[in-house]
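One chain, subunit A, appears in both complexes that follow, with subunit B as partner in the first and subunit C in the second.
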Partner chain A sequence: MKLFWAFARQNFHAIATYRFDFWLRASSIVILMYGIRWLWITLYTESPGAFGVSMQQMVTYGVLSMAINNLFFTGPPYYMAHQVRTGAIDLDLLKPLDFHLHMLARSTGEMLFRVLVLALPGMLVGYFLFDLQLPANARSGFLFVVALLLGYLVNFHLDYLLGLLAFVSIEIHSIDWVLHATSRFFSGQFLPLWLFPGLLGTLANLLPFRGTIFVPLSIYTGVLQGGAAAHAVWFQLFWLVTLFGISRWLWGQIQVRIISQGG
Partner chain B sequence: MIHVKHLTKDYKRVKRREGFLGSVRTLFSAEYETTRAVDGISFDINEGELVGYIGPNGAGKSTSIKMLCGILVPTSGEVLVNGLVPHKNRMENTRQIGAVFGQKTQLWWDVPVIESLKLFRDIYKVPEAQYKHNLELFNELLDLNEFQNTPVRQLSLGQRLRADMAAALLHNPRLLFLDEPMIGVDIVAKEKLRTFIKEINRDQKVTILLTTHDMTDIEKVCSRIMIIDHGRIVYDGSLEQIRAEYGKQRKLVVEFEEEVPDFSAPYATLDKSEGKKKWFAFNRFETSPSTLIADISSRYPILDLAVEEPEIEEIVRTIYRGKPEATDIQAK
Partner chain C sequence: MNGVQLYFRLIHISLLSRMQYQANFIVGILGLLFWNVINLGLIGVLVTQFTSLKDWTLWEVVFLYSLWIFGYSLYGVFFSHTSELENYLIEGTFDQFLLRPASPLIQLLGREFQLNELANVFIGLTGISLAYTRLDLHWDGWKWGFFIASVVSGGIIVLAINLLIACTGFWTGRSRGTSFIVSQFYYLVQQYPIDIFGMGFRLIVTGLLPVAFMNYYPALFLLDKVNHASPSWWLSYISPLVAFLLVGIVSVVWQLALIRYSSSGS
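Let's look at the complex of A and B:
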């Protein structure tokens, strides 16, 4: 745990260098929150009752998804691809750290940093300006935090697996683009999954992306409650264990045949 | 400390075809070619040694060091670092070694040096007392306090290398790999780094393997030198030994009282002539400087004398070129 904080600390020190980048991100969150709220209010005014939940719930869902927008994509695949390409991966492997844990600590450090400087302030702004409701009860609130953490871990492992491809095929930017787009769509970040029709809905319910953003948001807004919420958390756990297993196995394969470039 | 026996590493690479269509074909059916980067090398390094590991580019230096670090799995052969097989115990092994790669930095680019060191303190779980003690040592020997609050990207190259050196030694490794740690550094900074390397070797008994292309580094710092070429160790011995074996050629510099015509002495050839000075090259096994001086002084009055030893760089150049002597020496 100390290690996670150690990496988070680095991000706080780096923020001084990238002040402009920080303000850009912060303001983009505000703009996105404003935009999604405006969109849902317009749609609800046009056809109330067409989206399955109350307008309050939908606005909360949308605004919250924008506030936590930045938490998940902390960039391990970019980091890994860069290290492999420049040969600096040697230096990572020279640390007395399990590589998987190292990447997790690095990513989580950045995530914790973003929680403090982007997500929490974003939620406060959402609460005061954009009709972001509080969760219905303490249980939902607690479960939301658990589900959000699990969602982060599921997303991290998807990213990590993508990053591992960099060891094999070197160039991952195009795959990353596809994964990113797929993930954002199927995670329910922009459109809640209950609005997906037919086959697309079935598919969205099976893919691990549902476990990243949709589950915590649905728990927060009270769309998933009681047994359904518990079931959704089990779904997240299932994917986390599966992806974790694949990650460990794949790294074992890769480590044997590592050929580091450069130097 | 280090035990290496018949260590070999083959790289399997996709054979590239020429031209656009060639590259497209490679996508579907790749041919592989195998290159042998390290070819059955053997050596032992004892605790506290300071070994210069040299060789031309692509000779297999980095590959062998990576195998010692445990980040590359050998194709065959034995390798033991302080009793551990590096690639089987990578994490344990990394605790006892430190490394500086001159061309790469392990520091965080955007944050002050001291913050990177704190991160390494947490990664290596360095006790607070040891951390403080080492920082004091680095302040004293590397002037770390002059730039510890500067972000790495604003450091000069010399400062960055000093910071990297501190990062590599923070966890008190028993073994230190320095892979071209002084590349591109100015003379003053170089001298500082050399002194530092010698001091930590002497005072803390850190075993050091130094890779460099600058023969002055070797001469000033190392007690033993290993030369690798085409994946094989072509020389392994002390500096004196290499001079004795290869440096048969000496030069006698004579300054005469006045300008004299060119001449050659028995077993010596006139190498260069400049005003009142003349350089005579001779093989020290064929004649001795004293007989040579006696002969020359019988001809003309001498003002001043000096015997020049061959530069180590010249010797190494001969070995790189693959003089047949090289194999003789390894056999001994």
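Let's look at the complex of A and C:
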């Protein structure tokens, strides 16, 4: 565990040196918050209370989504692809920490950094400028944090599995596009999943992407409460365990076959 | 050899080198197609569920999106590598352009040809044809002419804005940051009719970064949505003029930038 945090801290500091990158992300968050707030205000002025949700809840959902979605999609797949391509992956395998945990540590360091400099300031800006409301109640607030953490872990594993493909195919950019686009659609990042009709809705409810952004946001805004909220958290746990299992199994398959190219 | 001939010669060379990587080309096209389908899917679900976005119906929003992507694709296919100017400046590659006996601008523009971006041409054409049929439009010759002029203007507008941003690199050394932020505006204007946003945003995308002239304003005319009672009705007709003005500004800034240029020395 001490090792885990050592690696996490290391990447936290490594990321912190890219100050320019931070300003880019921060400005784009503000622009998108502005846009999404107007979108929902326009739609809800015309049909108030649509889908059983108030305008305040919907604006909060959209604005909060822009503040937190930077926590997801930290670097591991590209780091892994880079290490495989350059052959430096053998150095990672020599490290005194399980590879999977090492990647999680790197990602966690980056994620915590983004919580500090992007998500929390983003939420403050959202609160003061864009009508972001506080969580429905203390219980929702607490459960939101739990669900966000689980959502991060579910997303990390999807990313990690993508990174593992780098061992097989070297070129992952295009697969990454497909994964990102699918997640954009089914994670609730832009549209809450209750808007999805029929079969699309059923599919969205089954896929792991629901567990990444939609569940924490719905809990925060109070759309999911009580039993439904607990059920959603179990859904996240189910996918986390499943994806964890697949990751371990796949790593076992890959590890015996690694041939490092030079390095 | 004149500028135009030279341009096509350069494009030809770049094409030959591109075709060495056919798998990348196919995968790149499929990726872009998928990305656009997802974006259209999201906005499609949204507008269908709420029946309209302000007074824009589903197929009108599809038209808006497609008109933007069609104009953008012209930029994408021929000129999207101009965003690399920053790297040329930092690495000193730009010196090559000055040493050869040809216009540096032509050399920059002709440096590459992005076949992948043909996917956007396809999306634009498909979206516009579908919307045209679904909305039961019947344009006369003038409207068709205006449509083509709008698409070409769209490509020129985005090229001019991106070149201007890239030119700031001559003074500041870096320009990628600005273009990243500007792309957020692109993204919002591409997807949503700008009348859903506040006045501040509309002023920015009309005056400062005139991307609304790529789709929103011409679409008002093409879809018969111009409100002649509004004081800004004439904006719907001036996209070609905006493109023309921007070209003028770019050529002045480019000249100033060349005077200003000093090599990074590497």
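The rule is short, and it goes like this: the second predicted complex is superposed on the first by the 244 of 263 C-alpha atoms of A that agree within 3 Å, B and C clash if a C-alpha of one lies under 4 Å from a C-alpha of the other, contacts with A are read in each partner's own complex, and residues count from 1 in each chain.
Operating definition for what follows: a residue touches a chain if its C-beta (ideal position, glycine included) is under 8 Å from a C-beta of that chain, and two chains touch if they have at least 3 such contacts.
This is a predicted model, so every value here is computed, not measured.
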TODO: State whether A:Q10 touches subunit B only (first), subunit C only (second), both chains, or neither.
DONE: first
Open item on the list: Between subunit B and subunit C, whom does A:A50 touch in the aligned arrangement: first, second, both, or neither?
Closed with: second
Open item on the list: Just checking: does A:F196 make contact with subunit B only, subunit C only, both, or neither of them? Give me first, second, both or neither.
Closed with: second
TODO: Check whether A:K2 is in contact with subunit B, with subunit C, with both or with neither, and answer first, second, both or neither.
DONE: first
Open item on the list: Output check: A:G87 vs subunit B and subunit C. Expected answer is one of first, second, both, neither. What do you get?
Closed with: first
- [ ] Show which residues of subunit A lie in contact with subunit B when the two form their complex.
- [x] 2-3, 6-7, 9-10, 13-14, 17-18, 86-88, 90-91, 93-98, 256-260, 263
Task: List of subunit C residues in touch with subunit A within their complex - done: 24, 27-28, 30-31, 34-35, 38, 41-42, 45-46, 48-50, 52-54, 174, 177, 180-181, 184-185, 188, 192, 196-198, 201
TODO: Sort out for me which residues of subunit B touch subunit A in the complex.
DONE: 11-12, 62, 66, 69-73, 90-92, 94-95, 97, 99, 101, 103-104, 106, 108, 110-112, 115-116, 118-119, 122-124, 151, 179
TODO: Flag every residue of subunit A that touches subunit C in the complex, lowest number first.
DONE: 20, 23-24, 27-28, 31-32, 34-35, 38-39, 42-43, 46-47, 50-51, 171, 173-174, 177-178, 181-182, 184-185, 190-191, 195-197, 200
